[in-house]
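If you scroll down you'll find the structure; I have some questions about it.
Chain IDs A, B, C and D follow the sequence of writing; residue 1 opens each chain.
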Amino acid sequence: MAKKVGILTGGGDCPGLNAVIRAAVYSGVIEHDLEFVGIKYGWRGLLERNTVPLTLEDVRKILPEGGTILRTSRTNPIKKAEDIDRALSGFKELGLDYLIAIGGEDTLGAAYRLWRGDKNFKVVGVPKTIDNDLSGTDVTFGFDTAINIAMKGIDRLHTTARSHNRVMVVELMGRHAGWIALEAGLTGSADIILLPEVPFDIENDLCGPLRKMKERGREYAIVVVSEGAKLDVERDSDGSYFLQEIDLDEFGHVRLGGIGKILADEIEDRVDWETRHVVFGHLQRGGSPTAFDRFLSTRYGVAAADAVAEGLSGVMISLRGTEVKPIEMTDEIKEIKTVPENFRRYARLFTARNE
Amino acid sequence: MAKKVGILTGGGDCPGLNAVIRAAVYSGVIEHDLEFVGIKYGWRGLLERNTVPLTLEDVRKILPEGGTILRTSRTNPIKKAEDIDRALSGFKELGLDYLIAIGGEDTLGAAYRLWRGDKNFKVVGVPKTIDNDLSGTDVTFGFDTAINIAMKGIDRLHTTARSHNRVMVVELMGRHAGWIALEAGLTGSADIILLPEVPFDIENDLCGPLRKMKERGREYAIVVVSEGAKLDVERDSDGSYFLQEIDLDEFGHVRLGGIGKILADEIEDRVDWETRHVVFGHLQRGGSPTAFDRFLSTRYGVAAADAVAEGLSGVMISLRGTEVKPIEMTDEIKEIKTVPENFRRYARLFTARNE
Amino acid sequence: MAKKVGILTGGGDCPGLNAVIRAAVYSGVIEHDLEFVGIKYGWRGLLERNTVPLTLEDVRKILPEGGTILRTSRTNPIKKAEDIDRALSGFKELGLDYLIAIGGEDTLGAAYRLWRGDKNFKVVGVPKTIDNDLSGTDVTFGFDTAINIAMKGIDRLHTTARSHNRVMVVELMGRHAGWIALEAGLTGSADIILLPEVPFDIENDLCGPLRKMKERGREYAIVVVSEGAKLDVERDSDGSYFLQEIDLDEFGHVRLGGIGKILADEIEDRVDWETRHVVFGHLQRGGSPTAFDRFLSTRYGVAAADAVAEGLSGVMISLRGTEVKPIEMTDEIKEIKTVPENFRRYARLFTARNE
Amino acid sequence: MAKKVGILTGGGDCPGLNAVIRAAVYSGVIEHDLEFVGIKYGWRGLLERNTVPLTLEDVRKILPEGGTILRTSRTNPIKKAEDIDRALSGFKELGLDYLIAIGGEDTLGAAYRLWRGDKNFKVVGVPKTIDNDLSGTDVTFGFDTAINIAMKGIDRLHTTARSHNRVMVVELMGRHAGWIALEAGLTGSADIILLPEVPFDIENDLCGPLRKMKERGREYAIVVVSEGAKLDVERDSDGSYFLQEIDLDEFGHVRLGGIGKILADEIEDRVDWETRHVVFGHLQRGGSPTAFDRFLSTRYGVAAADAVAEGLSGVMISLRGTEVKPIEMTDEIKEIKTVPENFRRYARLFTARNE
């Protein structure tokens, strides 16, 4: 008899989720004689037994669509003991043999814990985060779409910044890791890139280089900053002043969504150069996935169906080099992959020009 | 001997400025034996005698570029008597027979006043505003590019809003006229559109319809609002409360750049529906112009060269129906063209669905 | 009782058809108490009584989709007497009070003739052609999308042509009128544009100017040609030779789809300049409509519902200046609107640079 | 004293070439005290001593531009003994210490042979092919841009195919390897994908599946075919017939540029389903690179400067997993990397649905 497989998507939405779902169903039905059911709104749907059918016909046209046809939520089923029970009983009641859980550190972490607690709760995880900061895989889908949107936006800002002789500060996603700011900034020809990984000194890392650019006659400048970039409170010569003025938390983080505006104000004050800021926000995560993300998601989906067919559990799909394959889930799933030194070097190199 | 023509671009930058410059130079040099000089940074360049050559070769490749190769500024030469003198003497010193002034109400208003004061200061105006709110012409270039960028952004927000069951509030440009919000909102399938022309009641025009949508099972909603949309302080049942909470000016305007966030907060409070906001800001004015804007700008540029060749002055180029032609400038240049009733109807119609 | 209105789409598909359908249904249901039924595959669906429901819910999400949810065909119901009878009886059997026919000269011509023959067959036409060559309206929807796609394609070809020092010949749609080649060519910075309206001499209008460009050191050239561009067989010095070589019809037309390749071969032979050609073909008509097309289509749809509500028949919707309104259909519907002299001038102007 | 490094680009142009040049110059000048000179038109420029300066300022703005600022040619300097001498003497005369050669199998092969013949001719190669078929690296730049362009084009064709109930045949680049057809076809939701690696039987692999799709009620179909896809002349039941009709070479290849049309004709004949074809051609290789290609090219350029600084020669830059690093060049550079079985599986899987 065909194994019955539930699929759910959890956490923030991301271009490519539908491509994973479609590919898993295609491979599962055509190659492995699996049967699928969609669980709506992530873990919440498992707790509430909220499901939809998932046949070949249901998934045939969804590849180019952003978001997730299964919808999503941030419900975490392992926070309360009763939810753990409801999740496990939901799995049984729905007659599932397997669950494919597509999500980020929270979703995969919960899947891993549930499986650890009850080995009948068989799970295959598919890693997802638009921020590209999951340790278990080289690249996550959705990231390529996000940086292309951000890069094209930055491309457009060059002409308006140049026409007005302005500095333009662009705030991009990335609370704990600077992948989006790094790659969108580099590919968008940004002059200065500030990442969460490298706490910055507002004078030496930002205003000083901008002042020199202005003195040397550069017509305009583009600054790209991660939302999670933080001040180096020890090194910063003006740290104490700066700290009093704005709302920083204990780690030197500016409150969410605000750093772009604050930097723009500081630049105008300190460098005397007209400055504007833009926050790309939700524009970075919507819409149809790029070819890279459609293909990677498709590979992830096929590999997830393969893993189910092989009877694996407690694994997640991973890209390593050119290969997509299952690896064992561990507690390290929740480790953040930050931008390493050899990538930070690129940001320094293209900024160094301005010093 | 060839007439010598100066060209300047003033006010906010706008996709299509380079196309006007290129077309005026092409038509002027090839068809009318004119000679051109570029005046940098708008009126400031005339006051400071800051110029660049403008030959066919200089403009050959600039059509697809956003912004303006002549750069721009908001310098207004008629605010001080001494600047008026410097502008008029600059015109003479540079040996100009004509000036083509490309800009919005301020730039054209200044050009008109200078010419009225000294009929030797011969000017041809080319209307420019990304907001499409100039009375003297059916459409201004740059507007089509802006609404396409905004529409594509809204298109992308649908998938993320749907995946998360959210309301998404999109704040677009338009301080005094709602053209961008109207056309980007309509073409982006927005559920509710708020324009500066129609002061809104936060309960009846926004939260009430959203509540009904939610009750009827709609998964998500898109709200588009002009930055200049204002509260109907008389009609609004909660006006007094609302007024105390936020920073409104005497006309009911929310402070610039802030209305999107305020509405998002109100919606979450009153409707109990998760809501996010995005401010498109400068993304709307940069980048390569659309085909419509490249073609309209080209027609404007050719018509400006024609007007110079015919010896006209005190005119501006205008699109009327399918025809591009010079019309006399008057003091009414500064009148804002707001969204008229027959266009507001479209916003009501597609919103009405939600009531 | 609510009037019952059928809607059909006929002829080649075109971005914006769904927007017309949606807007007509929205306005009809919400503002005018009309009821709608979709007729599938154009006139064929009327002959075969092939229909689908069209409620607000059916059309809510279709605005950004290219093509037509009603599908289309080239079936013409007035070619055979029996089809005329089947069309008229279909109208009655389906209980229709009105028909909104969206299509080009054939579709509208048939609607007009059926109505002329039987005044109970009440029709409102909505003009559609991607070629923009219908006389009854200033602009048709779909055209803007087509020229943007073509323009962006041409933009891309510049970099490859320049890198290789090549001539690139781009063949665009336009059998009888050159609107697409004119506007995509102009906005794509083409060096030479050949239209059906101006029969060309292969030496004087094409190879001669290219030879001069090459001699003057231009690195590359872009030639844009309508598929329907034709040889001036009287003027062309090499006409007799050229005529023997290639397959021309009696009017000097090259067989469909072939002129781009033929011109590329001739250029390599005569100018000794490496040349490649690209035929954009069906890429020009698919996909999501631009903002201009979505808005124009929406206005057409609303105006069609208005016309039905007013009890008009034998009319078509038309854009005149900034106004969208019904005009009477006449036999002149079938007249082609070719590119007039004041628009051809633009092509000459930007080409003249090369002479 | 600073080492002097020449850079050249050879073979077909490709998005990302300018990004490599810029990054090599940035890293070389800022981090390694190198000095650069640009060699124009590939190897031809070395033979003819045709060079341009390459300072930081020369490369500052070129990142988003398609093509190559150094231009390119297909000149191969190792075909004639005298050219080998001219290349070696050119290297000396220009005072070069190093050459960075960016190109495909021909360019790199020539660089390798010249260095093998004279170890003073120090070279670092950077692999380039839009077809992604070079063995020495996981991915080549330009490929991601090409598949995104192709995928978006295919996306557009879906709506027009569906509206008309048609089969659409899309011919993509790929003479010897099917990477572009595979990835653009998969990500463009193609129904059938034909690659050079898997000779096809026109009945069993194409017309049969299409006939079944039609019988099952599918409204339309998308077929993607590599320009180099070839007939399985042994297996094909109609091979002998088919061979007589069309122009195949000894390996079963259809003549370049023609397979899309031929398949479209065959499908109409055999399946009785209206079919159109489109050849994307040069549209696939022009224009601004995607984020992926800009970033990969930047990494290649930095790694090339690093290799020069380290004194390496006879190496080429390679992406292996997430690492970009130099590897030794060998005669195997010229080996084509075809689509392997685990990737072909994807094409079969999504096609299998149709059988």
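Criterion: contacts are C-beta pairs under 8 Å (C-beta built on N, C-alpha and C of every residue); 3 or more make two chains touch, one makes a residue touch a chain.
Given the structure is predicted, the values throughout are model-derived calculations rather than measurements.
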Centre distance in Å when chain C and chain D are each reduced to the mean of their C-alpha atoms: 35
Where chain B and chain D are represented by their mean Cα positions, the distance between them in whole Å: 42
Rounded Å distance between chain A and chain D, as computed from the means of their C-alpha atoms: 30
For chain D, residues that touch 2 or more chains besides their own: 155
Pairwise touch network: line, ring, star, complete, or other: ring
Which pairs of chains touch, using the document's own definition: A-B, A-D, B-C, C-D
Parts of chain B lying in touch with chain C, wherever the complex brings them together: 26-27, 30-31, 56, 60-61, 63-64, 138, 144, 147-148, 151, 155, 183-184, 186-187, 189, 288, 290-292, 294-295, 298-299, 302, 320-322, 346, 349-350, 352-353
Complex contact set, residues of chain C against chain D: 9, 12-13, 15, 17, 41, 65-68, 71-73, 149, 153, 155-165, 168, 219, 276, 278-283, 285-287
